[in-house]
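So that we are looking at the same thing, I have put the structure below in structure tokens.
A, B, C and D label the chains in the order they appear, each numbered from 1.
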Amino acid sequence: MCTSIIYQAGDSYFGRNLDLEVSLGQQVVITPRNMVLNFRKLPTLDHHYAMIGMSIVRDNYPLYFDGINEKGVGMAGLNFDGPAHYFPIQEGKDNIGSFELIPYVLAQAASVAEAKELLANANIADINFSAKMQAAPLHWIIADKTGASVTVESTTEGLNVYDNPVGVLTNNPKFPDQLINLSNYQSVSPAEPQNTLAPGVKLPVYSRGFGSHFLPGGMDSESRFVKATFVKMHAPIGDNEVENITNYFHILQSVEQQKGLDEVAPNTYEYTIYSDGSNLTKGIFYYRTYDNGQINAVDMHKEDLESTALITYPVNDQQKIEYQN
Amino acid sequence: MCTSIIYQAGDSYFGRNLDLEVSLGQQVVITPRNMVLNFRKLPTLDHHYAMIGMSIVRDNYPLYFDGINEKGVGMAGLNFDGPAHYFPIQEGKDNIGSFELIPYVLAQAASVAEAKELLANANIADINFSAKMQAAPLHWIIADKTGASVTVESTTEGLNVYDNPVGVLTNNPKFPDQLINLSNYQSVSPAEPQNTLAPGVKLPVYSRGFGSHFLPGGMDSESRFVKATFVKMHAPIGDNEVENITNYFHILQSVEQQKGLDEVAPNTYEYTIYSDGSNLTKGIFYYRTYDNGQINAVDMHKEDLESTALITYPVNDQQKIEYQN
Amino acid sequence: MCTSIIYQAGDSYFGRNLDLEVSLGQQVVITPRNMVLNFRKLPTLDHHYAMIGMSIVRDNYPLYFDGINEKGVGMAGLNFDGPAHYFPIQEGKDNIGSFELIPYVLAQAASVAEAKELLANANIADINFSAKMQAAPLHWIIADKTGASVTVESTTEGLNVYDNPVGVLTNNPKFPDQLINLSNYQSVSPAEPQNTLAPGVKLPVYSRGFGSHFLPGGMDSESRFVKATFVKMHAPIGDNEVENITNYFHILQSVEQQKGLDEVAPNTYEYTIYSDGSNLTKGIFYYRTYDNGQINAVDMHKEDLESTALITYPVNDQQKIEYQN
Amino acid sequence: MCTSIIYQAGDSYFGRNLDLEVSLGQQVVITPRNMVLNFRKLPTLDHHYAMIGMSIVRDNYPLYFDGINEKGVGMAGLNFDGPAHYFPIQEGKDNIGSFELIPYVLAQAASVAEAKELLANANIADINFSAKMQAAPLHWIIADKTGASVTVESTTEGLNVYDNPVGVLTNNPKFPDQLINLSNYQSVSPAEPQNTLAPGVKLPVYSRGFGSHFLPGGMDSESRFVKATFVKMHAPIGDNEVENITNYFHILQSVEQQKGLDEVAPNTYEYTIYSDGSNLTKGIFYYRTYDNGQINAVDMHKEDLESTALITYPVNDQQKIEYQN
């Protein structure tokens, strides 16, 4: 379904794989500081932090899948079908539609700590964007340039904001359950294991990479959570921006869903439509798509962030092969 | 299919689980020293070591599934369908039928080393016991009271006698392949693992026994090989014969095939028909059956081992419940 | 830690493995109908259903690990370290200590449905039996002779009584999480699998029992939950009481913890101290111990159930070997 | 270590991941038809098929890691440390050094069938390229544009040429053992599994992609063999060359070794240095590197294939980011 990570390497990089069976017409969308942001049940924000991310736009409203703001806060919404539960409007609460949550947070929070405060009194309200655009069952990861991150889940238990010790989010089951499952894999290692199975017996070392033999490789959300955590935790730190963003995309690539492997309806397959990642300090948004392996970039600071209208870039989705002869 | 082990605990204990879908009418059979042993292509043995084991008897010939001799050598034949290959009679070789191999070795070898010598010029000949009793595809484990053991496999490559560093045998694939597969599991441990997956992250310890999470539990021969090795290697040593034989049977129990789990034909299930084990020093043969959890024992030294005829004991196969009121 | 199951085979059989590193001095204890049962915060029961089970006795009070009553309801308490949470005394609630819960339910409930009613207003109160006997962190399984079962968990969320669709309980994590984890293993089968990995390619069938290759074999609570469920769900139904109780113990045996595999402190190992099971209709209590493979039985209906004092039987813990010569 | 595949999609695509801890200075190298090819123990070839591939060049000799020829035959050498065994020069055999094998085959074979004939009398001789360039322990995959492929292994058993039913090669263990291990995973599927674990029980469907839960994700050669086979077998067929090569690289990407995961010496990590793939019909060679996600291409037919000297192209190893603003 989806995988989101934060990778720290001097600067911090945040983004996600979007895994779906259909592309929804997303673009790279910059919301400048003075673009008026309306909310259904909360006051309008006339001025706010600028943000950039992958989004569809409906009725001039940015429906972000994920994005970052100019203060170095990133946020992504990921499928959470099953546990996700949104509530009726509650008096005395900050009632916010699930589709409004990313702009609401990125508009106002300069850190994960501020995002937590902003959500302290929130109620994720069961509001649809429109009759045609029903609310999707989501949960969210919020991260900032210090490397901090939290997971936000609205279930029948209410709204939970969990500290995220690994900086990874995939999908169902609930976040505490993902951590419990992660525990099962804690012996996975880049190093060759000790033989504790049959101490003193010399077993054949038939391959390199033995230490990661039990790493899961499935498309399901538990497998991706474990693998992304392992790859991220052991990823090297580059010497410069290009090395870092290269390493970053390799982490996401490790949990890519290739076409043909996850049949969600007869002859319909979910796959990793795009991977994106932003430098949370520099405000540069990078992405690749399944169909185009080259990395593309949009720098929010090259735009007029004081303007009032959405700025959009189309997604480069054509494979661009470099022919050397 | 089957699992055989040697367990060292002061004395050494050797035996096996027999996993099949039908019981073949086995008995506890003692072959005394002066019972004449004929072989199809090799000289008759009029005098030899006495032996005891689980066997069927046809035409007054002991067709041992497994057994031990009075010198503390044990041997078991296990299913090896696929790789097992027996050869035409070869001039200049010691041609021995697969059904003759256990009595041939136990009659003459006082150690694993002597068994290896005995097999140095052997050819496992493609001879059937009778038109009705075709040769089964087998491989063998030979062990002695010092704890040494070897695996004997006759395949298209010829006859291989492998040192067995773990003292365990199950079935196909070939023994070197079982060891390669074993390597995959070497990080399995009785102790709680270090977190090398996500170093520095405190993961929930939700259960005891985490260190053995990746231990396989399937009925297939690779899973049983790995599990039996782990259980055996970490089994404690008892203070006396009863504790030792108790521990021994718990090792075999860990790879028992319960009824209903291994469907070998429609509505026909393989299961562990019996488990046996002998004290290689004392010559006492113990066994339990699927239907009778109590341990039974036959002591070869309580018989006249100088006699000339097979001595048999029926298998106690009725559950004997101790009613306390 | 522990595994409890209910097995339906005409009659229903309920009981558990007790996995610990020390034996606590348990006995087979019958509480007859007129033995006065006191509770710390609830009215005394002078007359109630008779019960039998494995228990320690302190101050003439039966501290049952597990047991059944004469109406065919069984109940077992299993370690639930971590999530278990007991609460302060709450006005208006039925405040019940964790150590009182089994006698409280078995004394009064003639079915799982009645047990649920009994617990509808319960609060598991944070009461110790004594300064020396602190409350253990537990959760419970209740089952009845119809095969129905529920799991009872008191956590920070409050008291949850979950329908238990598989009739199995082990330990942490919470019951809904065990079911989620079980889902991962749903392709495990007694039958040979179809090749959907590489359709059309003929792969070697090197072993029987392939369909259960992914069955876990670890000592941890998730592995035991999965394995016990699979074995139980495919266990055959016997033709008589002895066959049934034989099959029943083989199910528990499949998740036995052998000595040496689960190191809970340096050189201290948890293992399956005893396995027990009762015929819920007939009121016969059966058990085996690690040290004694023979099945023992105590029939509650052979006692005077109208009496007023506890009736106890010692646990037969000596291996009783049947010497055939 | 390495993974090689052949992917059929109308045209066939063949190539590999090269996984190592150091880059060896490889280039894209075209050997035209009239470049003289010398062999140590076999006659010189003055005229032969043209070839293209990834290679280092020493003393004007192309030491191919992998390549294809103009007839649509591809071949790659992969690490086979352990089982690989090269032999002394044998009279009456076609003695060929391991480093000569790729040019030897690609120069002369127009199909896998012809390659098999060419190797029918071969002896992989224990010859080093030079004192400095010792022979590496390798095995090989040969594939052609019909989709046929074989695995070539020289071990102590001699030279084996195995039909390769899956068109995948990684490393040790021996090829037949890889197929045996593959069998363990045959129930892995893109589709949601049937619940055969606990038939009739409704288990929670918490995630998409359940059918691939048991797919391995480790860096070791068995894990990569299984995963590459599954991904390849279910990869869709594109509508055109660009779609096909895109799909092809996604297959290899699924078994990419990310940096940091496979520690082969202290602080030294193996990773996927490059991935390449050729259209076997069109003679176009494509590649990407760890450091450069864009696909590069060299078309052998755009060169003068009648020439006599090696034609080389440097590897584009710089990340080329497309900045959209």
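Throughout what follows, contacts are C-beta pairs under 8 Å (C-beta built on N, C-alpha and C of every residue); 3 or more make two chains touch, one makes a residue touch a chain.
What you see is a predicted model; the values in this text were computed from it and never measured.
Enquirer: Quick one: which chain's Cα centre is the longest way from subunit B's?
Expert: Farthest by centroid: A.
Enquirer: How many angstrom lie between the CA centroids of subunit C and subunit D, rounded to a whole number?
Expert: 54
Enquirer: Report the inter-centroid distance (CA atoms only) between subunit A and subunit D in whole Å.
Expert: That pair's centroid distance is 34 Å.
Enquirer: Return the distance between the CA-based centres of subunit B and subunit D, expressed in whole Å.
Expert: One centre to the other, that is 43 Å.
Enquirer: On subunit D, where are the residues touching two or more other chains?
Expert: Only 173, 180, 184, 190-191, 204-206, 210-211, 213-214, 220, 222, 230 qualify.
Enquirer: Connecting every touching chain pair, does the picture come out as line, ring, star, complete or other?
Expert: complete
Enquirer: Mind listing the subunit A positions that touch subunit D in their complex?
Expert: 1, 28, 82, 171-173, 188, 190-192, 204-223, 227, 230-231, 234-236, 242-243, 245-247, 249-251, 253-254, 256-264, 269-270, 286, 288, 290-291, 293-299, 302-303, 313, 316, 319-325
Enquirer: Going by the contact rule at the top, pick out the subunit B residues touching subunit A in the complex.
Expert: The touching residues are 165-166, 176, 179-180, 182-191, 193-199, 201-206, 210-211, 213-214, 226, 229-230, 233.
Enquirer: Give every residue of subunit C touching subunit A within the complex, in rising order.
Expert: Within the complex, subunit C contacts subunit A at residues 157, 173, 177, 180-181, 184, 220, 222.
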